[in-house]
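Shown next, in structure tokens, is the structure this report addresses.
We just call them A, B, C and D in the order they show up, numbering each chain from 1.
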Amino acid sequence: MPTPPPLPRVAWIGLGIMGLPMASNLVKAGYDVTGHTLEQDGLDRLAAAGGTPAPSVAAAVRGADVVVTMVPASPDVEAVAYGEHGVLAHAAPGTLFVDMSSITPRTSVELAEAAARKGIRVLDAPVSGGEAGAVEGVLSVMVGGERADFERARPLLGALGTTVVHCGPHGAGQTVKAANQLIVAANIQACAEAVVFLEKSGVDLEAALDVLGGGLAGSAVLSRKRHNFLSRHYPPGFRIDLHHKDMGIVTEAARAVGAAVPVGALVASLVAAARAQGDGGLDHSALLRGVERLSGIEAGRARR
Amino acid sequence: MPTPPPLPRVAWIGLGIMGLPMASNLVKAGYDVTGHTLEQDGLDRLAAAGGTPAPSVAAAVRGADVVVTMVPASPDVEAVAYGEHGVLAHAAPGTLFVDMSSITPRTSVELAEAAARKGIRVLDAPVSGGEAGAVEGVLSVMVGGERADFERARPLLGALGTTVVHCGPHGAGQTVKAANQLIVAANIQACAEAVVFLEKSGVDLEAALDVLGGGLAGSAVLSRKRHNFLSRHYPPGFRIDLHHKDMGIVTEAARAVGAAVPVGALVASLVAAARAQGDGGLDHSALLRGVERLSGIEAGRARR
Amino acid sequence: MPTPPPLPRVAWIGLGIMGLPMASNLVKAGYDVTGHTLEQDGLDRLAAAGGTPAPSVAAAVRGADVVVTMVPASPDVEAVAYGEHGVLAHAAPGTLFVDMSSITPRTSVELAEAAARKGIRVLDAPVSGGEAGAVEGVLSVMVGGERADFERARPLLGALGTTVVHCGPHGAGQTVKAANQLIVAANIQACAEAVVFLEKSGVDLEAALDVLGGGLAGSAVLSRKRHNFLSRHYPPGFRIDLHHKDMGIVTEAARAVGAAVPVGALVASLVAAARAQGDGGLDHSALLRGVERLSGIEAGRARR
Amino acid sequence: MPTPPPLPRVAWIGLGIMGLPMASNLVKAGYDVTGHTLEQDGLDRLAAAGGTPAPSVAAAVRGADVVVTMVPASPDVEAVAYGEHGVLAHAAPGTLFVDMSSITPRTSVELAEAAARKGIRVLDAPVSGGEAGAVEGVLSVMVGGERADFERARPLLGALGTTVVHCGPHGAGQTVKAANQLIVAANIQACAEAVVFLEKSGVDLEAALDVLGGGLAGSAVLSRKRHNFLSRHYPPGFRIDLHHKDMGIVTEAARAVGAAVPVGALVASLVAAARAQGDGGLDHSALLRGVERLSGIEAGRARR
């Protein structure tokens, strides 16, 4: 019986709320993971999880077959990729560079082009599912790039999520993630408008949500955020600050391809307003607070 | 063993696409149903299903324990209820009047008040689930009115739908239906914007819908309308003309109670636009055609 | 030299903030005005201005050549017109009935049809210009109905306003008034968004309004509401409560004719929100308060 | 009698539709203008106007007291400013660098900071008034930066426009320009919605615009674009493509400071849609075409 090929050596950059449990899941799956982040705490926790901390991106990348980045935003990806001590400068030709950050599709395309000139292959592979999905390894992973590279990355990504889908060329993963965030924000906002309308009309909200959830209005938002809507408590979950960042991405990306998103644009402005009103640290279901304020009722207090 | 009490005699007004299969389901459940509509065809089909056609509302209502109305809009309910030959003039005191039409909450409240003066009890009990749900008897029924009347109507309503919920006082059923339509329209519009954004970005739409459907963006809209979105065919289903009527109801009702519905208002204007552009007879998933036109691509042609 | 024909005798119904000064201006112009309202105070003030108070609509209308109504909303017009003691029951055939209230175009059309059956001629003639315009007799009057009737009413209307325009058939005056309110509300909202954007950006607001007012962004809103925007004081003026009523009219009327008004619909929801938040009694320039709240800054305090 | 101080020598970068007539106006006012652009035609026309063509930015800038840039967008400003042969590399310390392009406030602030490190003073000074205003020297100029620099630039800017206002610190000129574009686009869109509503209602549009223009709905948009609205001809003027760019600026800048712009966001999406539908080359009053299409009537044909 032949020995299976050894697992690729992985360099992991970015060990935050999402990155650390994801990297840990790779370790559990048997991968040799060398990681880097700027916070000592992240390095310590990676070591505790069985990975190898590295003092720099360059050090982490050296000798890696696959480099994974999981950082907050486009400028972070660009710093990690293009910096003097960055991935493109230090990864070997043939390396597969999987960027799992949520950034604009355009940045992903540019990165792939720049990397190709160094013989480095790139996939964009943003995720949805939040911190809980990262910890439990049940993320959805949306992948853009060439199919052969996708096939090469699939086993590794399969250790991080349960749904791993190739969506198209470079940037396609980011585009699907952006579309996801548009639908989610619009649906939360619509449900929040419905909730305020129902309560101002004297309807039994719990009974109403039962019926709504069972029909064509039913959705993951309505079932997973039901408790938040009823209790007016909004522990994250997924913070409005992050959804605000993502609405900026989808607004810009839709603009770039000439796709009309009137509801998306309005919802983006309402997410921005929620943040301006101090709700940025709450779960995105707290868009309900904005609708309450607009309707002249005190936000955030349970009405039961 | 005691004989169960006899089933109430039912007068059914309105035998259209929804009313006929609903009345037929009552007959199948053993109810004695006398029905009236203005179209001979409806009367014939009721007879074929085992019901008794009546030549007028007054004739149908005479001797009935329960009167059910299922007509298109507020003016139709008012004509059937208040007319010289209508329900309030001819139903006996103690009759239970269940209006299953989708109308404004205010009309339901007014009807209950007017009927009370004649000793007639009223429930508003609009449904969701469409023609298919009516035929298969799996509608959701949202009921407003007094709880004792709801309990009295529950067995009958249980022959029409699988989810039968008491939502609050008179009008509460209509309010929940209106909220349902707000969420559904907003979610269809958001999904349509996402679809155009995805395709204009060169993403594999089918793969994208797979990922989207599995996460927080997932919804009954995304799964049940998936084929329409992919094929660009929009057989109703639920027609934009009807959803347009319902968006008028939710807009007015939200206005009446001072509930802010910015996204609802915008979506109502887009549904109205779809109708003005000639799409009123298509399924509401055809809001996608409006987004396509706004984005400068020819509407209605499958892009595959 | 021939004697000019005597001025028509006028019955005036509605002596509120707008109606009283308008009726008084007719008296000043030499008209014999018999007026009715439900408040004794209004009757007294009409008498003080030289008019004749009447104890009922019927009494006011008897012997009048022209009936003018200036009441708050459609139900009031309908009560005055259709009631047992109302205009249609008591005015003589050939009477000219000029309704200057702001109501839905549809109600105006229905009124004209009902009145025609009694041989009574109808014009809809809503105004803009507010209380100040009513007092000073410089209103704009938008008239719908037949041209011959318009010519007959023109001298009388000329005593009330400086711009008196025939806009088309029955309802056309209301339609133009509704369009006016759509543009005004949208422009106030856009200016309010600009004001908050400018101040949050650290710009000198007074200097900015100077430049904006002189270019393509310049408008009557920007010049007449400038002081309100700068001082954050909002004495009416034209109250948000009334603008809310009018946005309901334009939303419904646009819906009825299939005209797409996405921005109008959104602005209507923001006007409704302003009212729900307790600003209904302020001038409509107080939409600025709503934008401030959405932007997380305390509403209503001058930032200087 | 003392000799007046000599006029500063001016380097002018960007000789397009706006830049060429502006530079020519400076020549007429007695300034010694050395200009550069990438198109030979622009250089020839500058020479014909009495200016001195230069083969590069560096050559134009050498010996200049004031550098003016008038280029399309942020990347162009950045190329001209930061390039190896650009302004910061070649202008002498003490030079005043006046960027009259319309770009994001943030880029203006960054430019001022970078230039300060070289001893170069910066003003942002975007304009409104379009090509006609540039040719006739009647632009509005909105200036951000330090007051002393504004005073130094004021005579020169006074040769280009009739309204020259200091609005605040670096970026303030851009902010005011962005606010201007928000108000203008929203007002055009609102007027377009009103126009379609009026015509679908059977109103005489010309009479209606007369009344509307005279009251609180009156604006520069309504008077200057009246002919376009009536004739359905949209010769630029100011192209939708450019307004689209500017709506991107105001959306991003409002987002950056946390200012809620719900109507601005919706209008930005409608401007983007107009462009996607092929109207980018028309005057921005052609937003009317979008409303016509949304309302199911053929766009662009005069209805008279």
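Here is the rule we go by: contacts are C-beta pairs under 8 Å (C-beta built on N, C-alpha and C of every residue); 3 or more make two chains touch, one makes a residue touch a chain.
Here the structure is a predicted model, which means the values were calculated and not measured.
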{"item": "More contacts between chains, B-D or A-D", "value": "A-D"}
{"item": "Identity of the chain that, by mean CA position, is farthest from chain B", "value": "D"}
{"item": "Whole-Å gap between the CA centroids of chain A and chain D", "value": "38"}
{"item": "Centre distance in Å when chain B and chain C are each reduced to the mean of their C-alpha atoms", "value": "38"}
{"item": "Chain centre separation (chain B, chain D; CA means) in Å", "value": "52"}
{"item": "Numbers and ranges of chain B residues touching at least 2 other chains", "value": "254, 258-262, 264, 266, 270, 273, 276, 294-296"}
{"item": "Contact footprint of chain A on chain B as seen in their complex", "value": "105, 128-130, 140, 142, 144, 163, 165-169, 171-172, 175-176, 178-180, 182-184, 186-187, 189-191, 193-194, 196-198, 200-204, 207-208, 210-212, 214-222, 224, 238, 250, 253-254, 257-264, 266-267, 270, 291, 294-296"}
{"item": "Chain B partner contacts - residues on chain C that touch it in the complex", "value": "248, 251, 254-255, 258-262, 264-266, 268-270, 272-273, 275-276"}
{"item": "Residues of chain B touching chain D in the complex", "value": "262, 266, 273, 276-278, 290, 293-296"}
